[in-house]
Amino acid sequence: MEQEAHQGSNGSAACLKVEGLGKHFGGLVAVNNVDLVVENGERRGIIGPNGAGKTTFFNMIAGELDPTHGKVHLYGEDITRLPTHQRTHLGMARTFQITNLFPNLSVLDNVLLAAQALEKSKFSMLRTIKSHRHIYQKAEEMMGKLNLWDMKNLIVKDLSHGYQRQIEIALALVENPKVLLLDEPTAGLSPAESAEVVSLLKELDAEMTMLIIEHDMDVAFELVDKLMVMHEGEVIADGPKEEVRANQTVQEIYLGHD
Amino acid sequence: MTDNGPMLKVDDIHTYYGDSYVLQGLSLEIAEGQVMAVLGRNGMGKTTLIRSIIGFTKPRTGKISFDGADITALQPHEIVSLGVALVPQGRRIFPSLTVMENLLLGEKEGAAGSGEEPWDTDRVLTLFPRLKERLRNMGNQLSGGEQQMLAFARSLMTNPKMLLLDEPTEGLAPLLVRAMGETLSKLKESRLAILLVEQNMKFALAACDYVHVLNRGRVVHSSTPDELAANEEIKSRFLGV
Amino acid sequence: MTFWLTQIFNGISYGAIVFLLAMGLSLIFGVMKVINVTHGTYFLVGAYFGLTTLKQTGNFFLAILIGGIAIAIMGIVIERVFLRRLQGNDLGQVLITMGFVLVLQDAILVIWGPDPVSMDAPKFLASTGRIGGFSFPMYRLFLIVFAAVTAVALWFFESRTKVGSSVRAAVDDVEMAGGMGVNVPVVFSLVFGLGSFLAGMSGVLAAPWLGIQAGLDFEILPFAFVAIIVGGMGSLKGAVVASLLVGIIDNLGKTFFPEFAYFTLFLPMAVILAIRPSGLFGRAM
Amino acid sequence: MIRKRIVFLVVPLAFTLAALLAAGPALAAKGPIKIGLLTSKKGVLAKHGSDQMNALKVFREKFGDKVAGRDVKFFIEDNESKVALAVTRVRKMLTRDKVHIAMGGLFGSTGYAIAPLADRYKTPILIWSCPDDISKRKRKKYAITYFSCSQPMHAFAHWVRTAMPNIKKVITIGPDYAFGYESTGGFQQVFEDMGGKVIQKMYMPINTVDYGPYIGKLRKDADALFLTLAAAQGLRLPKQLKEAGLANKYVILGNGTNTDEFVIDAQGDEVLGWISALIYSADIQTKDNQDFVKAFVKHAKKDPGYYAEGYYGGLRLIYKAIEVVNGNVEDKDKFFAALKNLKVAKGMPAGPRASDGHGTFKMNVYVRMVMKDETGKKRNKVLAVIPNVSQFWNYKPDEFMKKPPYSRDYPPCKNCAK
Amino acid sequence: MRGELLATRGRVIAIAAVLVFASVSPLFVDEFSVLVLNQCLIWGVLALSLDLMLGYTGMASLGHAAYFGTGAYATAIMSATYGASFGEAFLVALIAAAVVTAICALVALRASDVYFLMITFALAMLIWGLAYRWDSMTGGENGIAGIDRPLIMEDTITYYYFTLVVAAGVFLFFSVLVHSCFGKTMVGIRESESRMRALGYNVWLHKFIIYMISGIFSGLAGFLWVYYNSYVAPTDVELVTSFNALLMVSLGGPGTLAGPLLGSTIFVILDNSVNMFTERSLTVVGCIYIVVVLFAPEGIMGFIKQLRTKVGETDNG
């Protein structure tokens, strides 16, 4: 019912549709029967306390985990059992909550690896990435945009956490994804750095659909239109952000004040 | 001994996790019977603090002493035997042990002199009656809430002088969170020192006597819970609420 | 019928030796994640220790005990001094255990010389038993019983004692076991000592049957490896079932397809690996 | 910076080069006569190797390091019981040490692996293991064998048919490589030509640990087992036969390696009564042998076996050949011709040798039975001596060589199917 | 930029120096030294192939003797049993190595870490079992003898130069490979598999390809070895061969191309000379294993790198 209403209101097809998704680990129900519809160009947040099942849910959408039950559709195509790397080819990209880069490579090599991920040339055994002009330019452009170009030759593990978080996003963006999944993009950042990331994300192409897990309410409110609140593996609220904020249960269990 | 100094003293520790520099000169003290909350957003070093105290991740420099003894370089089991108990994040129940075995694993005589009745299976099961029905189940057959109770219960079985709680309310239903708060206040009466690391600010502030806020591996704010509750700036800057 | 009985009995008795060896390997792998290539050489050195004891005292059962204890001590020293610093470095651990294989093989040459030697079982075990038309060596029956008793004892130790549950806890989550007050370094030494003990003991037990001879270590080690790979590393049940399978398959394979004698043994292993990489009873990785 | 880099590379490289050169030969025009000896000091054949090394000691004690007026230098290489390594080691003797002759090889297969090196480096090799075909169909210009694996077995089969006519049906068991095939094949050939029947043939890997499966398959209607055991098989199989209660069920015949002196002390009483044949026994009652045994016991504290005598005897042949050419071993063709046409009547513990002109020697074959002497020590008592045995037995060499070489499948087991 | 150029120039000079040394030295040393150098090259090819997996991609294989052995046996069987020519044997050896590697990779790639070690180990035992027992094909314990090189390569020095050209070719190809697009993905997989997947790489496929390359080139080393030794036996396929290959890589320095070559050179020279000085060669090699693991986990190249950074630091300061 609600899904139809969503589709009707914009006339656009759902970009991401999740039906009855669930994941059990032994006796533990991490995610239970979650439905979610994200429309094209929509920015949707998922919030909830630690252990609510957000990351498990997220990983099932990204393909890192196989759901116990339920389905995931991307642009109408069933991707429930599709391996992660193939989802990327459908236009999906993600970031990690715990920074997940190539620590012993330079910043440039990190971004280049991302930039060639969807190119056939990644199998080329005789030519360097740098000799593929368009890949190099793609990386250069993205790094320029994020002010990372100056540090292109630095080794990632030597950089500060703040820069690493930015590279984390750069790797996801360099392939121009249609759907961007962000797992706590500002985790561990100072307010100033956090604000930078927020403004960076806000400036992104408005057509890009985003699904954001956030812990930081301010970040979530600034970035998204709609919020889904998870708790103990279930959805306890889903709707426009103001509505969710006002929700009594949400107040009670998540925001931590009455 | 304990009367003169703090139960736990963390003095300017610097801890690295792999290549990343997590705790950057952190200091704090907890007295006997005190419930100390440590708040902070993800990635600020809360769990690393717990890991440093219990001996999982040793600080590169700095000193941690417990009950008058320097524990900085001790093995985890030695630290536990001095009277520190851990309720870890994610519960970390042993899946191939039954509930009963999980409990008995850490069973240990308590430190004498507290005057308190020592913790044994009967007493912890009175505190968490739900575990009673599941004693023969394997650790991985429990629900999330039950696992959390078990994690709590087994840590008490070591009859500790101090509890390290790493997000004990993670993933618990409101009813259970409330029960957890009650349990904490009961434990506090028995003069147990408690270090509580939390994301759930409401729960933490209600349970603690004193609160530290962590940011990037350092304590950036210390006050009573009421003061912090009133300090909107600190809350929004460092806790994101 | 007698033919089949004999073949299966032989298979089981060989499985008994393989079990004793494999169980130690499996324990060590389960708790420490060390692929202990030295294990076969422990078996051989244990046999030599047993031999020396038997020569000195004439007591076969004391020889079994001393063979086991000597190797247990050796294993504990190697674990404490070398393997412990390499925790988490899988490859380093494997390579260093290979280094010890070579050093120990050389030590055998120096200490006991290159002579192949044999060891006599006590008289009462050296006879041939007979049930109807089916005759069998008593010593093999003794091995089967011995292995069965050991399996039960290990099971009891693992599932019914406090130390046993500490070991299982360490298999599940070493760090958290330490966080519960389990003395992990001691558990490691204990497990390595127990595993080595089993290896040394099985060497002595096998000696009256297989003889003692340079090269025996690498003749028997593959069987133990197949057993723990098939059974699942760290699993007692797996080691029992797989050792019996290995013994019986090896026997029937050699009987019916002598040219593919090893293939009949290794192929089922490869198939099981392909379907269940963690073995029949191993925990999923 | 670059200079430093070069230093880093050049230094180790220079060291390598220096090491290679330093160890290289500083060849004088006519130094000592160099004899290369291959043995096994490690692995499953380590014991055989130690017997060989003791025999070398006895030999040097007796004949010294001087022959035909020239000094002799020995180069010993250890192939660690690995055939593939034997190739590398022999190659080293021939190229680095530039030995004038090499001797050695345990395992029949080693002989086949190293024989081609003789021709390649035009250096005589006395192949000490007994690869049949090197003196038959796969002859080399510069390789000669000490004897041929099937040679004693031909004679033995003849003896068995003559002396023990009741033994008609035999099961053969042997290790699954050249030595096993040739020993078994030689026995079967003559045994069946003389009306006996081989009713079951089994080959098993040398590293077989449990013989249960093979023992379980033994046919009950045989009169005797013919065993060929190598390395540790001699320890395990007798025990396991006894365990299975079969030790007394069959007459046990076999190759002399089964109860060779290298292993006989370690074997139990289950081998008592075993009858075997080989080119040697410590029990040979000649003066030459008694002297040899005495000298050997002094070094080894045990009796010599065929591994010991063979090494000693082989060295004796080499010295003889050197004497024939008056120490002029540099003329390899002449030297090898001398070796190939050698006749030695005296001083050989195992009796006289005479070249058969086909690349190996004629010699005595001893039929032995394991018995205890008055001190309770097990010995290979000589039951019979078959003198001057040729590798072709009494077949015609040309016809013999038209047949396929002994192998896993030859001679075929005509009487095996039930 | 300058530093990079300098480094490249240094590398080129170093490679040239080694090449010159390798091509000139045989003219000045005795035949045995040429044989030893030849061994260094052949084991070097094996070590390089293994390093592609171990050092660059982070996949530690405990069973490379299997692919080496497949190449070796295929060559021997073709040459000795079927009388195939050098070229035919070459083709069949590589195809056989590829097929066996593909099958093993399909099984082994289902596991990772220590389980991967275990499975590659088990698969190598299977191949050894075949070599040891499949008598009618492999000659079992006898091995296969009498593999003759073509007449033009009969000579030790000629074959050495042939091996040198092949090894140099392999080195050249590998150095292009590790710097290529695909080479970067290898390092990416070593650094973070999950990130590679999230970026859209079919990590399994990449690992499979790397495994294949590594296996085929190991087979090539086996091919070279058989024509070198004219003989193949089950001991060439046994566990110790796999371990020695790992030791060579670890000794020289995993994740570098010079390392495996250096490691194999040192190992081969030691292996051929240690028993000239002592009877206790087993202990010596055993101690090398232990010392490398404990004190030189990054191998000699890692040590040199450290030293260089130190020298560089004192230079600047």
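When the chains are written out, they are named A, B, C, D and E in that same order, and each has its own residue count from 1.
By definition in this document, a residue touches a chain if its C-beta (ideal position, glycine included) is under 8 Å from a C-beta of that chain, and two chains touch if they have at least 3 such contacts.
Values in this document were obtained by computation on a predicted structure and should not be read as measured data.
Removal of chain E in thought leaves the touching network of the remaining chains intact as one piece. Looking at chain B and chain E, the chains that touch each of them are A, C.
If each chain is reduced to the centroid of its CA atoms, chain C and chain E end up 32 Å from each other. Once the centre of each chain is set as its mean CA position, chain A and chain D turn out to be 74 Å apart. Look at where the CA atoms of chain A average out and do the same for chain C: the two points lie 50 Å apart.
Centroids of chain B and chain C (each the mean of its C-alpha atoms) stand 42 Å apart.
In chain A, the residues that touch at least two other chains are 103. Touching two or more other chains at once are residues 105-106, 109, 258, 261 of chain C. Shown for chain B are the residues that touch two or more other chains, namely 95. This structure has the following touching chain pairs: A-B, A-E, B-C, C-D, C-E, D-E. Chain B meets chain C in the complex at residues 54-56, 75-77, 80-81, 86, 88, 92, 94-97, 101, 104-106, 108, 139, 154-155, 158. Against chain E, in their complex, chain D makes its touches with residues 1-2, 4-6, 8-10, 12-13, 16-17, 19-21, 23-25, 41-42, 77-78, 82-85, 87-88, 91-92, 95-96, 107-109, 112-113, 115-116, 138, 175-178, 205-206, 408. Chain D makes touch with chain C in their complex at residues 41-44, 46-47, 49-50, 81, 202-205, 207-210, 212-217, 231-232, 234-236, 239-240, 243-245, 263, 266-268.
Interface residues of chain A, counted against chain E in their complex, comprise 62-64, 83-86, 88-89, 93-94, 96, 100-105, 109, 112-114, 116-118, 121-129, 132, 171-172, 175. Residues 19-20, 41-44, 90, 95, 140-144, 147, 167, 169-174, 177, 199-203, 215-216, 236-237, 240-241 of chain B are the ones that touch chain A when the two sit in their complex.
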